[in-house]
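Structures incoming, each one as structure tokens.
Note that chain A is present in both complexes that follow, paired respectively with chain B and with chain C.
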Partner chain A sequence: MKLYINSVGIISPSLQASGEWQLPRVDENYLTCIEPDYTQWIQPQQLRRMSRIMKMGTTAALMAVKTGASKPDAIIAGTAYGCLEDTATFLTKIIELNEEALNPTPFMQSTHNTIAAQIALLQNCQGYNQTYVHGAFSFEHALLDAGMLLTDTPAQTILTGGVDELTKAGHAIHSRFNKYRKQNTPYLISPAGDGTWAGEGAAFFMLSGANESTVAIADVHTFMASSSEQAFQQLDNFLKQNQLDTDAIDFLLTGKNGDQKNDLFYDQLIDVRFSDQAFGAYKHLCGEYSTSTAFATALAYTILKHQTVPVSVLNGSLNTPIKTLLIYNTYGPHHSLILLTV
Partner chain B sequence: MEQLMADLKVQIIEALNLKHLKPEDIGDDQPLFIEGLGLDSIDALELIVLLQQKHNTKIANAQDGPKIFKSVRSIAEYVRANQAAA
Partner chain C sequence: MSSGVYVAGAGALSAIGHSYATSFLALENSTHGIRPLSLLSSIYSGTLPVGEVKLSNEQLAAQAGLAKPITRTALLGIHAAREAIVDSGLDIKKWRTGFISATTVGGMDRTEVFFPDFLKDNTQGILSDVIHHGCGATTDLIAQALGITDFTTTINTACSSSANAIMLGARLIRQNKLDVVVAGGTDSLTRFTVNGFKSLMILSDELCQPFDASRKGLNLGEGAGFVVLVSSRVLQEENLKAKALLTGFANTNDAYHQTASSPDGRGSFAAMQNALTMAGLTTSEIDYINLHGTGTLNNDLSEGTAIARLFAEKIPAMSSTKSFTGHTLGACGGLEAVFSVMAIEHQCVFANLRFETTMPEVNIPPQTKFEHKTVNHVMSNSFGFGGNCSSLIFSRPSVG
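Let's look at the complex of A and B:
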């Protein structure tokens, strides 16, 4: 079942909903979103209660809906950590106020499904509403669910997206695991170093089973792999199921994140399976976060739609036309494949 | 009383994130809910928490809520009476 992408809404550290790019600003070892004027999208009375991730997620969704032809019949979101800022506020207040007189707003908005629910309220969408909270597979599983819904009813339009925010508390906790660069570096991917940049973003897509747009998500696969060989076997099976081989992939968009321990896998992947294919990377434009593949999917959409790869993304030379694009992302043992076609 | 009402206006703006308002924009007797400031039921909960946190004042009877939260003046009067009784 192909998921045709009718429109995209995105808030990220670089790629804007208009399709324009802005140079991401690196603060120490993280990238934060370039946020729009939210009052252009949401009433001030509703906006005042929203946390940052709610504003980002809801506005990205509204951008996708506005650009698309129709209102969504269903809403499916993927987020690994949900409304992290509100969760931290709520938990901190529990301690500070000795479990008494807690503010209701951070409590209500600390749940992961707040964003999809808020979008439904603003869109008056009473259809299917789901949020997937599956770590690094959250966005992919939202796509898989959208695929199942569209298999049943192809004429539906489903608003599907991935969103995660970077917070001070979250960054501090992840830093304990030595995930991030300890020294300021102007470049992330080349050369690789120790650790990566943290990131965040929100990207939503209006998906349909009917052929309204030429760019489509052809297939999605997630798996756990403890070795390169296992991962390559999964990749081969995935391509075979789609009647493809590696030569048929016109562009490979990798989830290289600049951490040399992590990127070793991608170097092997390119050497062993994609040595003759054009490839690139995207995490220097959005940072590393659990739903970064939503950013990658938005980037892939612009590549396929405009048939051009931004210079900062491309590694080496490119042969056009680009008809088939594969996003390969790993996040620890989590591996995901998103195949897009035009 | 005047100082208490002035403090309450600042605290209400901060607690409810009413960034578009200044304390002087809120009248002492201006209705807070529906018309007036247009606050809703979640704001009422936030105001209850505000009175507990900032003024050590609890709403003993929930049914008194609409009367207490009618305006900044009515809130101030309740706080003053409650503090006086304590």
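Let's look at the complex of A and C:
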């Protein structure tokens, strides 16, 4: 089942203009979103009550709807951590106020489904509404669900996206696991170093089973692997199921995050399976976060649509036309594959 | 061969019982499990009525064969999901098996241990307390304990989460992506949710009275409920006995308000109606509705109004088993699916405890006592914050 991408809405740490993606300025070991003027999208009265992730998620969704031709029939979101800032706020207040006289707003807004629910409210969409919260698979499983809905009824539009926010508490906790760069470096991926940059973002897609657009998500697969061999086996099976081999992949978009321990796997992947293929990376544009593959999918969409790979994304040379693009991301034992075609 | 989805096993853990069998006994005897809060440390300890599982984390970990406790949400889930698999009698390793869980709190119970020290100094707090904070991390812990590797995911649509987990499991089987899916939900009581619902002023300080004119709010609960869903091929080849068929399901959104349901229950009406359409059933063929029935003013009126509209011809027997277990949030759709399966297996309907007076706006009285009767089709409702509405329909294998 092909999921045709009719339109994209994205809020990320990078600026995007006509197929090019501008590298963000990095002063720290994290990237935060360049946020738009939300009043263009949401009424000030409603904005006042929204947390940052709510604004980012709903606005990215509204951007996708606005540029699309139709209203969504269903809404599916993926978010690993949901409304983290509200969660921390409510936890803090419970401790500070010793469980008494608490303001319910951060609790109400802390639930992971508030983003998809808010989009449904703003769009008055009473159809199917779903939120996946499975770590690094959250966005992929949203896509999988959209594909199943479109298999049943191709002629509908599913608003599908991934969103996660970077918060102070989240960054402080993840830093203690030595995930992030301790040294300031202007580049993330080449050369790799110790640790990555934290990131965040929101990307939503209007997906349809009917052929309106030329760029489509052809297949999605998630799996757990404890060794490279296991991962390669899964990759081979996935390509075989799609009647492809690695030679048929015109561009491999890897989830390299600049942490040399993490990127070893990708180097091996490229050496063993994609040595003749063009490849690149994207996390220097959005940072590392659980639903970064939503950003990667938006980037892949522009690559396929404009038939050009941004300079900072491409590693080595490129053969055009780019007809088939594979996003390969891994986050610990979690591996995911998103296959796009044009 | 039909493309039916069968329930081959079920497991339940809540304040009324630690197994499918003991939960049924409590439902049969109309014995609820709501008591003053005791295991969770809170200023509401000893006073707030809740449905706690009376097993400590150490006891649950020992039963699960774990050296030391992990997040309670995962421990509860392992207990109930494992029972469901054993009950099915199926060797899940032989088939393409998935695990779909739902939770609203994930590892919050451990994060609450971590957070006070972290708040004072962000280099403090024991990191092992926070590594399973994410909802997906708790699901991965359960899947690991069960040995399920083919597909694992987690859903959080607030109080309708685990009904959606079961629905997704059925869809994956119908589209032949998986053969077997263990699906349901788990949530532990946490200070986060107790205080959250307290701040919303929808907790009753007495025993809850769902669908009653004088209802004052809900009682929170905790637990886990899982079913083993199988395709007709698995059922036949493994010679399994089906407890029930999942014949209808629907997911809609009220799109009315972030935490309140629309007065006419348009979202719940659509969910029930769409599930009936899918099952090919008329309203008069539903023998029992396991209500969402939280006991709040808003939910019960909205759900009651939708039922009164949709089932205008004949109101079926209906009850909220939250009057036994409390509202188990991310677990309730799973637990109540298991109770719905029990109603079919034992041909009975359960009481809506402490009911006295019908809601004057809708005048639909729930079932007041346990009763044996013919039950061919059961509807299970789960609605949540954010307007998420889901209905499941389970049918007797011989008539489904």
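Observations on the model:
Operating definition for what follows: the second predicted complex is superposed on the first by the 333 of 342 C-alpha atoms of A that agree within 3 Å, B and C clash if a C-alpha of one lies under 4 Å from a C-alpha of the other, contacts with A are read in each partner's own complex, and residues count from 1 in each chain.
Assume a contact is a pair of C-beta atoms (placed from the backbone, for glycine too) under 8 Å apart; a residue touches a chain by one contact, two chains touch by 3 or more.
Source: prediction; values computed, not measured.
For the composite obtained by overlaying on chain A, chain B and chain C can both be accommodated side by side without a clash. In the superposed model, A:155 makes contact with neither chain B nor chain C. In the superposition on chain A, A:103 contacts both chain B and chain C.
Set against each other, chain B and chain C differ in how many residues of chain A they touch, and the higher count belongs to C. In the overlay built on the shared chain, the residue A:92 is in contact with chain C alone; chain B does not reach it. By the document's definition of touching, of the two partners only chain B reaches A:48; chain C does not. Look at A:141: by the touch rule set out above, it reaches chain C but stays clear of chain B. For the pair chain B and chain C, the least inter-chain C-alpha distance in the overlaid model is 8 Å.
Residues 100, 102-104, 108 of chain A contact both chain B in one complex and chain C in the other.
Within the complex, the chain C residues that touch chain A are 42-44, 104, 106, 111-112, 115-116, 118-119, 122-123, 127, 130, 133-137, 139-140, 149, 151-158, 164, 168, 171-172, 175, 177, 191-192, 195-196, 198-201, 251-259, 266-267, 270, 384-388. Residue ranges on chain B touching chain A, taken from their complex, read 15-20, 38, 42, 45-46, 49, 52-53. Against chain C, the residues of chain A that register as touching in their complex are 75, 80-82, 87, 90-92, 94-95, 98-100, 102-104, 107-114, 116-118, 120-121, 123-138, 141, 145, 148, 151, 169, 172-173, 176-177, 222, 224, 290. Contact residues of chain A toward chain B in the complex are 44-45, 48-49, 97, 100-105, 108.
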